[in-house]
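Next come the structures, one after another.
The same subunit A turns up in both complexes below, where it pairs with subunit B and then with subunit C.
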Partner chain A sequence: MTSATTDAPLARLGRLMVDNPLLPLVVLLFALIGVLALLNPAILSMFWASNTLKIAIPLAMLAACQTLTMLTGGIDLSAGTAATVAAYVTATATPLIGAPGAIGIAMTCALAIGMVNGVGVAFARVHPLIMTLGTGLIATGCLLVYQRSVISTGTEYPALLVWLGTGRTLGLPNGLALFIPFAILILWAQRRSGFGRLLYAIGSNEAAARLSGVRVWQVHLALYSLSGVIAGLTGLLYLGMVKTASLSLALPLDLPSVAAAVIGGTSIFGGRGGYGGTILGALILTVLATMLTLLQMPEGGRRILYGAIILAVTALYIRLTDRG
Partner chain B sequence: MMRLIGGNGWTIGLAVLLALLLVATKAIQPDFGPSGLDNLARSALPFALATVGMAIVVIAGGIDLSVAAMMAVASVTAAVLMDGASDGQAVFAVLAVLLLGLGMGALNGALIVVTRVPDIVVTLAMLFVWQGVALLILNAPGGGAAPWLRALAVGGVTLPGVPPAFTEWLPRGVVFLAVVVAAVWLPIRRSKLGLRFYAIGSDPQAAFRSGVSVGPTRIAAYAVCGLFAALGGLSVTMATGIGEPIPGPYLLASVAAVVLGGVVLGGGRGGILGPILAVFVLRTVRMDLTLLSVDPNVAAIVEGTIMVAVVMFGAVLATRGRRG
Partner chain C sequence: MSPPAALLDATGVAKRFGAVLALRDASLQVAPGQVVALMGANGAGKSTFVKILTGALKPDAGHVRIKGQDSTVASPAGARRSGLVPVYQEPSLIPDLSVADNLRLGDTPVDRFRHWVGALGLPGLRQDALIRTLPLASLRIVDLARALAVEPDVLLLDELTAALPTDLVERVLSVVRAQADAGRAVIYISHRFTEIAAICDRATVLRDGQTVGDVAIAPGIEDTIVEMMLGAPVTVAARSARATGAAASDAPRLRVRGLATGTRLTDVSLDLRQGEVLGVVALEGQGQDELFDVLAGNRRATAGTVEVNGKPVAFRHPADAIAAGLTLVPGDRAHALLMQRSVRENIALPLLARLGTWGAIPIGAERSRVGAAIERLQIDTRAQGEVRRLSGGNQQKVTIARWIAKGVQTLLLFDPTRGIDIRTKQQIYVLVRELADQGAAVLFYTSELAEVRMACDRAVVIFGGRVVDVIDAADADEPTLLRAAYGLTATAGVPA
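Up next is the complex of A and B:
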C-alpha cells in the first residue's frame, strides 16, 4: 500500500489526512458506491440507501464504544456481549414484567458489565483489551445460566424497539430518531465537554494528564461505564431490528465495530480521532459488506479482510504521522 | 515479596497447591483414579501448550492474542489433511501442521517488526485473520485424526516389561507434554537464543546495545509461540478426533496461567514450569467444580472470574514492580 508511492506525496497525503481526516473517507465511501454501481447497476436506489443507513446505525453506535475507549488508548471488546445481554434480557423479561421494567433491568446489566471493566482498568491497571475480553467471557457465562431459568417464558419485543428498528418514515429508517440525537451528543461531548477533552488528554499523555491534576481512575471508570450503556442501547435497537433473541445476537458486530473506528481514523493508541470518522467508517463497512455479499465472499474471507484492514490502516497511520 | 515471587518459591508453592487440590479431589470423589487423571491431562493439554507458547512470547516482552486462533487453524488443517489418510501420510500431515505453526507465528512477529505497530494491535488483527483462515479451511467441525496420534495422548502409560499397575496412573497426555516441551524449549533455553529472549524482554534497548538483533529475535519468539500453538491445535484434534474451526477459550486462559505461573507481563522474568503448573491448578479447580456437581455454566463463570482476578492481581504486581 505504502511502498508503491514515493516519499513526497506520502508526506503530503499524511498532512492532508491530519488536517482534514474526513475528506479521504468521504472519497473512499463514494468510490465504493461507484464500484458497487459498476458491479450491479440495478442496486442503487432510494430504498437501498435507506436500507444501508438502517444496517449501519447499530454498527455506528457500537463503534462509539470503541471510539471513546480508543481515545484513551483502550478498547472495549465486551461491547458486543453487553449489547447481546441487554437485548436478550429485554426480550425474555418483557413477557414477565412489561417493557419498561425489562429495559431497565437490561440497561442495568449493561452498565454493570461496563463498571466491572472500569474497575479493572482504573484500579488494577489491567490492559483494557484483556480486561474487556475477560468480562465478555464472564457475561456470556452468566447469560447461559440466565437462559436456563427463562427457557419457558417465551420472548416478546417491545413495540417501541420494533418501531425504531424496522419502521420507516418518509423513506428513512426510524432508527435515525435515536441515532441523530445520539451522534450529536457524542460529537458535542468529545470536543466541547470537559469529559471529552479529558479522554483526549489521557490518550495523548497519561502521565502529563495525571500531573495536571486529572484523576485518571475516575475518567476510566466513567468511560467504561458509559461504553457499557452505549452497548446496551445498541443491543436494544438491534433487537428491534432483527427481532430474534439469541445468545450470539450482536456478536457479529463486535469485530466490524473495531474496524469502523480504526477506518474512521481513531488511533488505537489514543489521543487522535473522533466519532465523525467512525460514522463514515461504519457506512464504508456496510457498503463493503454489501459488495462482499454480491461477490459471495464466505464468512472466513470477511474476517480475514477485516483483520487486514485494521492492520493496514493502523500501519499506514503510523507511517504517515510518525515522521520525527 | 517480589523477590519471593520472582524466585523458585512461587513455582514450589504452585506445585504444593496442585498437590493439595488433587488431595481435595480425592476427598470429593473417593474413586478418583487413573481415568480421572487421564481426563484431567487430556483436557489440560491444549491449555498447557497454548500457555507455553504465550509464556515464551511474554518472556520476550510481547503478547500474542492470536494464539487461540492459530490453534484453530492448526486443528482444522490437521483434521483435513489426516481425514482418510494412511498412517504414513499422517506423519507428513503432522509435520506440515508444525511447519504451518512456525510460519504463522513468524508472520505475526515479522508484521510486528516491519510495521512497527504494537504487538497487541498486530496480534489482535491477526486473531481475526487466523479465525477467518480456519473458517475457510473447514466451515464446521469435521475431518479426522490418525489413530496412532490419538493413542499418543489418550489413556495411561504402558511400558513393555513393566506391570501396568506401576505406570497406568501416569497419563500419556502429561508424558506427551513433558516430551514436547523438553524437546523444543530446553534446547532453546540452553542456547544463545533463549538468553536473547530474556534479554529483549527485560530491556530491548540494552539488549540492542549488547549486540542482540532485536527484530529477528522477536520474530523467533513469535515463531516458537506459533509452533506451540500448532501443537495445541493438534492436541485438540488428538483429543476429539475432529478439527474445530471456532477458537476455544484458550486466549484468556493462557494469559491467566502465564500470570499465575509467575511470568511478569512486560517480560524478562519467569520460566515455563510455573505456567504449566498453573494450567493444571486452573483445570483441577474446574474439574472439582464439576465433581461437586456445580452447573457447568456456573463453573464457567467461576473459572472466568478466577482468571480475571488473577490477571488483575498480576497487573497490580507489575505496576508495583515498575514503581519499586
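Up next is the complex of A and C:
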C-alpha cells in the first residue's frame, strides 16, 4: 500500500522527466541556488552570477568534447591535455612569433591530438577510452620536452584571450561572446545536421548504421578531430582567464567535464543525451563547488561530498528517465 | 523395441512459453545399440525438446528417464552425471584456453581424449594449441572426442557434420555407429538424409510439438518422413520444364556465379531479374546468411562473381552495395534499428549516410519522404518516440520503409516475416509484389515454406552451400520445397 502511494508520483515524475529531460536539471540548479541563498543570503548578486557563468564556460566547452564523443559511445580523456597543450603553446610562443602565429600553432597541435585519436578509433578500432588516455599521456610527455626547450623565453598572454577570459561587458563575462555562438552551433549540429544524426545513430547501433551505408570511420575521424579543436579553443579561453601557463592548467576541468555531460543526461553507452543538458550540468557543478566552499569544510570532506553528490544525482536521474 | 531397457526414455513431454505451447506431447525412446534420428521442420519444437532432454529446461509435464533414473529436475550437469552428453552445433569450448585447459575444465580423461581424436582423424592435434587458433572443423572433432572420452551412455549429436569436410564426416559417422554397436545409445539430429540412412536405426519425427511418428530406417523412407514432418501426403507435383534463357539478351538485375565465402557458402549461382521476386529456401545454416551478407556488402566473398545490371561488382562496404542499388533488410531487427531513436530518424538514416549529407538536414524534404514511406507501409506511429516501443510488425515495417524512402532497386529481404503478426505478413507480401511490379527486383529468403507460393515467382533451394534446385512458384508446394531443402532432388528423371 505504502509502496503504491510512493510509486505512483515517482512514476509520474519519471514520465515528466522522459518528456522534458532538461526540466529536472533546471529544478536542481535552482534548488542549489536556493540552498546557497539560505547559507549566505549576501552572496547572491549580479556579480556572483556573472562570476559563476565565467567559471562555468570553459567547463561547459570542454564538456562538449565529452558529450559529442559519448553520443557515439566513446569518450575523450585527452581533451584536458589538448586544452593544456593549446594554452601552454600559445603562452610560450606568443613572445617569439606573436599572438596569431602562436594561436595557429596551438590549434594545430590540438587538432593533431584529435586526429590521432580519430585514426586510432576509426582504423585501429582501439577503444576510445584507451586511445584518448594514451594520446593524452603522449601529449603530456611532448609538452614536458617542449617546456625544457623554451624555458628561457618567458610567457605572454594575447590581449584578445585576456579580454575574453576576464573582461566584462554590461556586467556579463566576455567569454559569452565566444560561448553563445559555440553553444548554438553545437545544439544546431546535434539536432539539425546529418553529422549530428550520425553521432546518435552510431551510438545507438553501430551495426545498423553501417548496414544503412554509414562509413563509420569517417564519422569517428571527424568527431575526434572536432573534439581536439574544441578542447584547443577551451584551452585558449582558460589561458585568458587564469593567465598562468602551467603543465597542469586544464587538469581541474578534466574529470568534471565528464561529470557535467553525465549529470546532463548523456549516456556513456551512446545514443542518448545532448549538449543542452551538459550546459546545465556544468552550471550545476560550478554552483555546487561554490556551495561546498561556503560550507567551510576541509578540502578532503569537500571532495568526498562533491563526488557523492555527483553519483547520487546521476543515479537518480538515470533511474527516473530510463523507463521503458 | 524394448521400452523397459531403453537407455533414454522421454514420454509425454510438454512445455509452454507464455502463450506459446512449444511442446505438447513429445516422446523419444532410445534403446542400447541404437542410433535414433530426431527430426522436425522449423518450429516443430525440436530445439525445445533437446533443451529438456539435456536438462537445460524443465518440462511442464512428462518425464525424461536416463537409464531408468528420473532426470526431469536435473540441470545440464545433472543430465551429464546420469550419462547423457550432448555435442552441439556451436562448439562449447573456451576460445582463449588451450585444448588441454579446456579438457581440465570438464575433467575429461586425457588419454581417452587422445585416443578419440586420433580415431576421428586428427592424430596431430596439439594439446597446447589455443582453441581460437583451430579451424571450426577441428573444434567439432575436439568437442566430439571430449564427449566420447567420458564414455557416455547416451550421446546427443546436434548437426555435428555441418561444416565438416567429407573425409572427416565419414570417420565421424563410423565412430558414431561403432558407439551404438558397442551398446550405447545415440540421438542424432541432422538435416542430411544420406547420413541418417547410413547410420540410423530409427527416426522419431516431431510436428507441432508432438511426436507424430517413429519409423525404422529403410530405403525409400525419406518420403514418409517428409510427409510426417508436414502432416500431409507428399505429391510430387508435375514440374514444368524450367524456363531457361527466355530473355537471355536482357542482363538480369543481379547475376551471381559460383559465390563462396570459405565457410558455409560454397557455390551459389542465381539470376534475379527486374520485376521478379526470387525466393530463397534453405534449412538453417546452409549458407543463406552468408549469401545475403555478401550481396549487401557486409562480408567479402572468397570466390565467385556478382554482376549488377551486367556490371561486375565487388562490395567492400554496405555503402558500396547501396550505391549499386542493393539494400538489405536483415533477419534480426535488432541489427537494423536504432531502438532508442524515433521512427523518423530510423527511416531517414540512409538518406544522411553519405559524407555529402553531413550538413544541414533538409527538414521539409525529409519529413515528406519519411511521411510517404510511413503512409505506404501503414506504420502505426501512435507510439511516438522510440522505435523500441513499437510492436515487432511495426518495427519490421520501419526497416523496410527505410529503403522505400531511399528508393528501391534490388531489395534483399532476409526472413522479413519471422515473428510478426499475420496481418503485417499479408501487407508485406502485397508490398513486395507492388515493388516488383514497379520495377524492383526482390530476393526473398523465407523460413516459412508456404510463403514461396504467396510472395515469390520462383525459388532457389540451397543445401550445403549450393543451389540444389530452382522451382517455379506454381510448383512450390511445401513437400516439394522441403524435399529439395533436404537435398532430395530425385525429380530429375521424372517426366513433366
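Note that the second predicted complex is superposed on the first by the 283 of 324 C-alpha atoms of A that agree within 3 Å, B and C clash if a C-alpha of one lies under 4 Å from a C-alpha of the other, contacts with A are read in each partner's own complex, and residues count from 1 in each chain.
As a convention for this text, a contact is a pair of C-beta atoms (placed from the backbone, for glycine too) under 8 Å apart; a residue touches a chain by one contact, two chains touch by 3 or more.
These numbers were taken from a predicted model, which means no experiment stands behind them.
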item: Which superposed partner A:271 touches (first subunit B, second subunit C, both, neither); value: second
item: Which of subunit B and subunit C A:215 touches, first, second, both or neither; value: second
item: Partner touching more residues of subunit A, whether subunit B or subunit C; value: B
item: Subunit B versus subunit C as contact partner of A:195, first or second or both or neither; value: second
item: First, second, both or neither for A:133, with subunit B first and subunit C second; value: first
item: Contacts of A:204 with subunit B and subunit C, given as first, second, both or neither; value: second
item: Footprint overlap on subunit A, comparing subunit B with subunit C; value: none
item: Contact footprint of subunit C on subunit A as seen in their complex; value: 192-195, 197-198, 200-201, 204-205, 207-215, 218, 222, 271-272, 324
item: Contact footprint of subunit B on subunit A as seen in their complex; value: 120, 124-127, 129-131, 133-135, 137-138, 141-142, 144-145, 148, 255, 258, 268-269, 298-308, 310-311, 314-315, 318, 322
item: List of subunit C residues in touch with subunit A within their complex; value: 296, 298, 317-319, 322-323, 328, 330, 334-341, 345, 348-350, 352-355, 357-361, 363, 388-389, 402
item: Subunit B to subunit A touching residues, read off their complex; value: 65, 111, 115-118, 120-122, 124-129, 131-137, 139, 249, 251-252, 255, 265, 295, 297-298, 300-301, 304-305, 307-308, 311-313, 315-316, 318-319
